[in-house]
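Which chain is which? They are A, B, C, D and E, in the order written, and residues in each are numbered from 1.
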Amino acid sequence: MSFPLLTVTAVVPAAGAVVTAAVPAARRTAAKWTALAFALATLVLAAVVTARFSPGGARYQLTESHAWITAFGVRYELGVDGIAVVLVLLTAVLVPFVMLAGWHDADPLETSDRRWRPTQGFFALILLVEAMVVIAFESTDVFLFYVFFEAMLIPMYFLIGGFGDQAGAHGEDEQARQRSYAAVKFLLYNLVGGLVMLAAVIGLYAVTAHQLGAGTFSLPQILHDRANGTLTLSTTAERWIFLGFFFAFAVKAPLWPLHTWLPNAMGESTAPVAVLITAVVDKVGTFAMLRYCLQLFPAASKWATPVILVLAVIGIIYGALLAVGQRDIKRLIAYASISHFGFIILGIFAMTSQGQSGATLYMVNHGVSTAALLLVAGFLISRRGSRRIADFGGVQKVAPLLAGTFLVGGLATLSLPGLGPFVSEFLVLVGTFTRYPALGVIATLGIVLAALYVLVLYQRTMTGPVKAGIEGMKDLKVRELVVVAPLIALLLFLGVYPKPVTDVINPAVKDTLSDVHRTDPPPKVTVPAVAAAKENAK
Amino acid sequence: MSATAAAVHSLWTTRALADTAATPAIPTPHIEYAQLSPVLIVFGAAVLGVLIEAFAPRAARYAGQLAVSVVGLAAAFAALVALAADGYAQGRSHVAAMGAVAVDGPALFLQGTIVLIALVATFTFAERRLDPVAHGNRVDSFAAQGSAVPGGEQEQKAVRAGFTTTEVFPLLLFAVAGMMIFPAADDLLTLFVSLEVFSLPLYLLCALARRRRLMSQEASVKYFLLGAFSSAILLFGIALLYGYAGTVSYGGIADVVDGTAKLTPALANTTGNDALLLIGGAMVVMGLLFKVAAVPFHMWTPDVYQGAPTPVTGFMAAAVKVAAFGALLRLLYVVLPGMRWDWRPVMWGVAIVTMVVGAIIAVTQTDVKRLLAYSSIAHAGFLLTGVIAVSPSGVSSVLFYLVAYSFVTLGGFAVVTLVRDAGGEATHLSKWAGLGRRSPLLAAVFAVFLLSFAGIPLTAGFSGKFAVFKAAAQGGAVPLVVVGVISSAIAAFFYIRVIVMMFFQEPQPQGPTVAIPSPLTSTAIALGVAVTLVLGVAPQYFLDLAGKAGVFVR
Amino acid sequence: MNAYAPILVLGGLGAGFAIFSVVMASLTGPKRYNRAKLDAYECGIEPTPQPAGGGRFPIKYYLTAMLFIVFDIEIVFLYPWAVTFDALGLFGLVEMLLFVLTVFVAYAYVWRRGGLEWD
Amino acid sequence: MNPANYLYLSALLFTIGAAGVLIRRNAIIVFMCVELMLNACNLAFVTFSRLHGNLDGQIIAFFTMVVAAAEVVVGLAIIVTFFRSRHSASVDDADLMKL
Amino acid sequence: MISLAVDDLSYFGRDPWWLVVVKAVFCFAFAMLTVLFSIVWERKVVAWMQLRIGPNRHGPWGMLQSLADGIKLMLKEDVVVKGADKFVYVLAPVVAAIPAFMSFAVVPFGPADNEISVFGHRTPMQLTDLPVGVLYILATASVGIYGIVLAGWSSGSTYPLLGGLRSTAQMISYEIAMGISFAAVFLYSHSMSTSQIVATQQHTWYVLLLPVSFLVYMVAMVGETNRAPFDLPEAEGELVGGFNTEYSSIKFAMFMLAEYVNMVTVSAVATTLFLGGWRAPWPISTFWAGANHGWWPLLWFTVKIQLLLFVFIWLRGTLPRMRYDQFMKLGWKVLIPVSMVWLMLVASVRALRNENYDFQRVLLYVGGGVLAVLLISLAADVFRDRAAKKAEGAGQAGQEGPGDRFDPMAGGFPVPPKPGQTLPPVPRRRSRAPEAAEHQLVGKDGDDA
């Protein structure tokens, strides 16, 4: 048996969570460093996984397979394809930054906030989330995936509710109420989604058990059996089960109109936790659409595509419009994220190779860019103690470095060419145009709006006269720079040279497309023309 | 009148020759004592407990009772394991004691579960560290003197003298013995008698709370009146089934229902009357549904759970459910499979209503014990979905769910006993606010239990729920699964609410304190956590066990 | 059924006699109203409005009644057993000994805890 | 005599008992109604026993009596305790716990 | 074979209706006459024991005294007290009286095989018989209790209520011991039908086979009928007239009648179950084969009943009334265990004999067991006495006062204690109940419910 690299990648952060939680309460700093060490170790392991993954090789690599609950036909099956590898790596990269950014967030002694927040708990929970997300990306067994898909809600719930942001506009009681409201809303939305998926999972089991004799959840096996015809889903069954799965993923992703938990959750949690939500955990939703919805239920996916695409486009426009109107920095970013998730889903369900690889790339880029923007915003907010846009003004005069990084993050969010998101957004739009030109055109409007909300945000907060309460604002400290600088570097790198990532992604996307029995349509519009149109839009 | 033929009576040592000739010898019944040994051991321990009550000096009773209960239950469990190892759970399973008791997989499995539950419950019963020391005596959760009027002079005297009701241990053991027979009963008479054997001690136990005695007595009266009512209904159902089939043995009735029995003229007459079968079956099932607290028959649950002493509530919530579901399974799977087209639609309805009502009403509760009561109702609904599957996997999934649910419940109620204020246990939810700040460990443990109730993956509750839903889906009850999933979501809301209270709300200034338990309660709680996690992460062994045990003997 | 009919006849006879006597006495006897005479008898003192504390009486009587029920029920099993004793053989003896032993455990408990004491 | 008549009587008694349980408010009377139901069951058992020509029903009647007796003992104990602490045996007074 | 011949009870239930009526009237008359006679008889005997004359005005030797009493009561004013529940108040005496008569239905006055001829119709000398005859007797006796308890309750007065309760408690307490002593009889007779029980006593009366059962039954039957020395419900000193305090006129007479009929009934049962029923006593049966045939059995039966009634009267004339606690103690703590142990002993011996163990082995097993129990009990007693003495010694050392010892026989006469002196404890066995605190089945403040 080969070395269980994938398991170890997930186990290390989990073990880290246990170790961190076990650090004595008084030794906060030690706990932080322990957690960071484990996060970095995970990063190393993720890097090793990426290195060991050969893009042209088998579809699922580094596979592991053990019996787990034979009574349910559940196996402990891990394996990564190109998409998963990239996302694992993204997770592993982001978590150390999240930790560094939130270094003092859960430390009553280091901040003015005297609420009871155990430092060990905070870091342990982050590591736990990381472990669960990683294993969800790695698993090739539907049940295994489902278990962690659901289970990661609990640590996230505590992170949102227990370590929330103190910078809200109202009194302490009101904040506490808001916080727990946000946490419960987050949990209930996702739990309901998960439970609906549970019904679908059970339905899938019933179908496989009925047709194969023994129920199975193994993705490769199901695909194999479907390919050789031993397993056939009736149209009705396939559609219902697909809807069950898709509902859960759409809640998680989040897709309009199931998105309403996200602004609350992101608004009430601290910036690092918000990064965890939007850049890491939500990616599981889009990832699962790509992997499970499309591969397991190709026919149903095709059946549902029109509706989903429309919803995605609505999400793009709706998110962007609401972002424009926000007065709260984090909520603004949250709505921007909703808009971006619309793009990702659009790319996935456009069913073209450009669209899907664009969507995958978008997941990565969105992760990095949102992380950069949110973390910087977090620094900003914690300095002022407020997240209302109106409370800021002229920051670039007192804290130029802060303002600068904020600008870069913002530009990445509006997909400025040269930064990572541009490439992915471009690919998504191209992929959509080739099949659904009308939707592509409407989606492009989202970009215009993105420029609007980002630039307005920057203008109101950073430029103009220095407002009261901003005068003494300190610029970024070394720790904060260490957090932001690599992320910006990464954005630049991905914007200029995305090939290493796309190389890994593309074979997996092709496989997925072939599962859906779709091929790229013959081009109707030439690519340069689209690019030109896009440039004009800018 | 042949006087010489009769033996000459030489005082009272006569052998009645002539008379024995006249009355033919009745074939001696054959009782397999070895196979009934688990139950007999528990009964023996209970009787021993009564003797201890009668003869041991007061100071020695507590220790003696505890020792007898623990040893008795452990021995019973050992006997069960030995029986199972001998193959009585599978190949050698058969009906013992002249057709009264089945010794088969489900019976042994459920009995084992009940015995273990009782063992843990014994620990919580024996806990004496929680209540403040009264006049130099450590006291448990039970009334100093059950017969004394609450607040009366007699009670004060008893409290001063440091009396405790050590009778609770024999009562517990009697109840356990009844519960052990209940799912193993293979004729309706044994079913009824064992139902009463375990119900009567429970009625009494409910009335014996040390604090809030009026409430406790009220709970007991309610439980008793409704329980007696339901058992009367069950009995009438038995009468009708007997009238239909001319026998009360499960196998015999099943034969008649299937039409494979030899028809006597009387039988031909009664079997023509389907009303007997339908009404009788319905009434018996009603009696059992009362015990499992399924919805139209659930009215007693919240009040009784709230009023009873918390250790008793925990025991009841766990063990009664196990026993009653065992009996329900056996009844539906052995006696009435022939008419499943009649009872399945009804049970569908019951299951749906139970799940939904249990979950919805729980949302409005403000008392932890009532909340858990409604949650237990909702769980009864989930279990019913497994029962409806009518397949081996239905049986095994219900068995598995019962194990998972019962230990979590026990642990949950054990945690409730620890949170106390001046008036005893602080069960009002508002008092639990901020508990996570005051004692994070306890709150975390309770949160684990709640998450398990809610069915979050990696907990026992999830495995159980998955198992029953899976069985139901395979049995074609997909809509039921959907309803189950929806009510799980509703149920999740109120579990989460408690967690929110504990972790995200500021502690009240006059909030409760958390008592430091003795190892007894700690063991119960730790076991609950262990079962929650083990069954959540690696349930395979237990699923296998339940799967192997899932075949009824007939 | 016939074997039971004579019982009814005898019962009817007894009932006829009793009812006849009671009715007759109410006709034959004198009627002299006297308020004091119709009061409840309490040795000449003013009678209490309700008997003995509002119709309540010592709980010992309840206890005795309950104990009676418990032990009387035991006899329900003794009778059929006794009638068929010879046919049951040693099995019957052993089972009944166990049964009686169990009942006597309860008996011992009641005795030791003062359930049989009157003071 | 037609055994069906006994069954009708038994059903009638059972119904009266059940109605009493549901309607009456005094715990003792409720309880007596339950006993009435049990006795109705006994009548049914004995009738069916006669109908089928086997003794099972009569034996069950024995056990029912025993169980009823045990129930009486336990039930009266509980109700008397309840009554002593409240000076009322009405179930309507049992309202410390509400829905 | 006797057992078969009687077991199917084929001789019963065949009489024409007129014969049934005749026999029923006979039973009724037998009971009434015996009662009338025994009331006089009782007063005569008691008077004789107390060295006085007794009734002597009505009829020869006062033999019509009870009839005169009856007529007098009939003409008395029928008072219904104010607080009474009228209907139940009137019903109670009737309820008490009817079952008393009904028990006679299954009492065998003679052999069960068409021995006698009434107007040319051969018939058994018994009104009817049931397979569960003795159960029937027990059942009717129990119904009689309702009469008493209803009488006590419906009077709406304190004394009757307490009297009724006492009487009920008393009757049910002794019913258990009585029931158990019957079981031993059934063990031998294989039947609960009275005729069969008498038939199986052909060779040996059960009083010889089961002496302990007989004694228990004798005690229990006195308790059951509320007769002296167990006439606590009517204890004049404490409860005035007990349950019938508020009754007068014929209703009172009904209770008296019921009591005496019950005496006759229990005597008849005792005769049937233990004294060979209608069979001629031993020396007669050996030399006179016709003694058990024809109408003669009626004679033997009557004689036996009268003898038992004499015992009742004798007890009344001799023994003082018991205290209530002593009475209950006797019932619950002596009669029940004794009769139960006895029954088990009888059963064990019989079972072993049935299994063909020889007599010595049986004696060895059973005797050994009994001996062991006795030894254990003895040892326990010794140890407890030692502990008690120690406790007593400790107590006395503390409380012994100087000089003012009370001499109950100062100056050769019994004298009461002076102020400051206390009566010495009555020397009696220590109660087996250890401490007062142990009595906790009942609360001290639990005097009412």
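For the reader, a short list of remarks on this structure follows.
Just so we're on the same page, a residue touches a chain if its C-beta (ideal position, glycine included) is under 8 Å from a C-beta of that chain, and two chains touch if they have at least 3 such contacts.
Just so it is clear, the model here is predicted, and its values are computed rather than measured.
Among the chains, the centre nearest to the mean of all shown protein C-alpha atoms is found for B.
Looking at contact counts per chain pair, the maximum sits at C-E. Chain centres here are Cα means. That of subunit A falls 47 Å from that of subunit B. Here the CA centre of subunit A is 65 Å from the CA centre of subunit D. Subunit A and subunit C have Cα centroids separated by 82 Å. Centre-to-centre, using mean CA coordinates, subunit B is 23 Å away from subunit D. Taken residue by residue, subunit C touches two or more other chains at 59, 62, 65, 72, 84, 86, 89, 111-113, whereas all remaining positions touch fewer.
Residue positions of subunit D with contacts to 2 or more other chains are 70, 77, 80, 84. The residues of subunit A never reach two or more other chains; the list is empty. Against subunit C, in their complex, subunit D makes its touches with residues 62, 65-66, 69-70, 72-73, 76-77, 80.
Residues 16, 19-20, 23-26, 28-29, 47, 50-51, 53-55 of subunit B are the ones that touch subunit C when the two sit in their complex.
Contact residues of subunit D toward subunit B in the complex are 7, 10, 14, 17-18, 21, 27, 30-31, 34, 37-38, 40-41, 44-45, 47-48, 51-54, 56-57, 59-60, 63-64, 67, 70-71, 74-75, 77-79, 81-82, 84-86, 91, 94, 96-97, 99. The touching residues of subunit C, counted against subunit E in their complex, run 1-7, 9-11, 13-15, 17-19, 21-22, 24-26, 28-32, 37-43, 47-53, 55-65, 67-68, 71-72, 75, 78-79, 81-86, 89-90, 92-93, 96-97, 100, 104, 107, 110-119.
Those residues of subunit C whose C-beta lies close enough to touch subunit D in the complex are 59, 62, 65-66, 69-70, 72-73, 76-77, 80.
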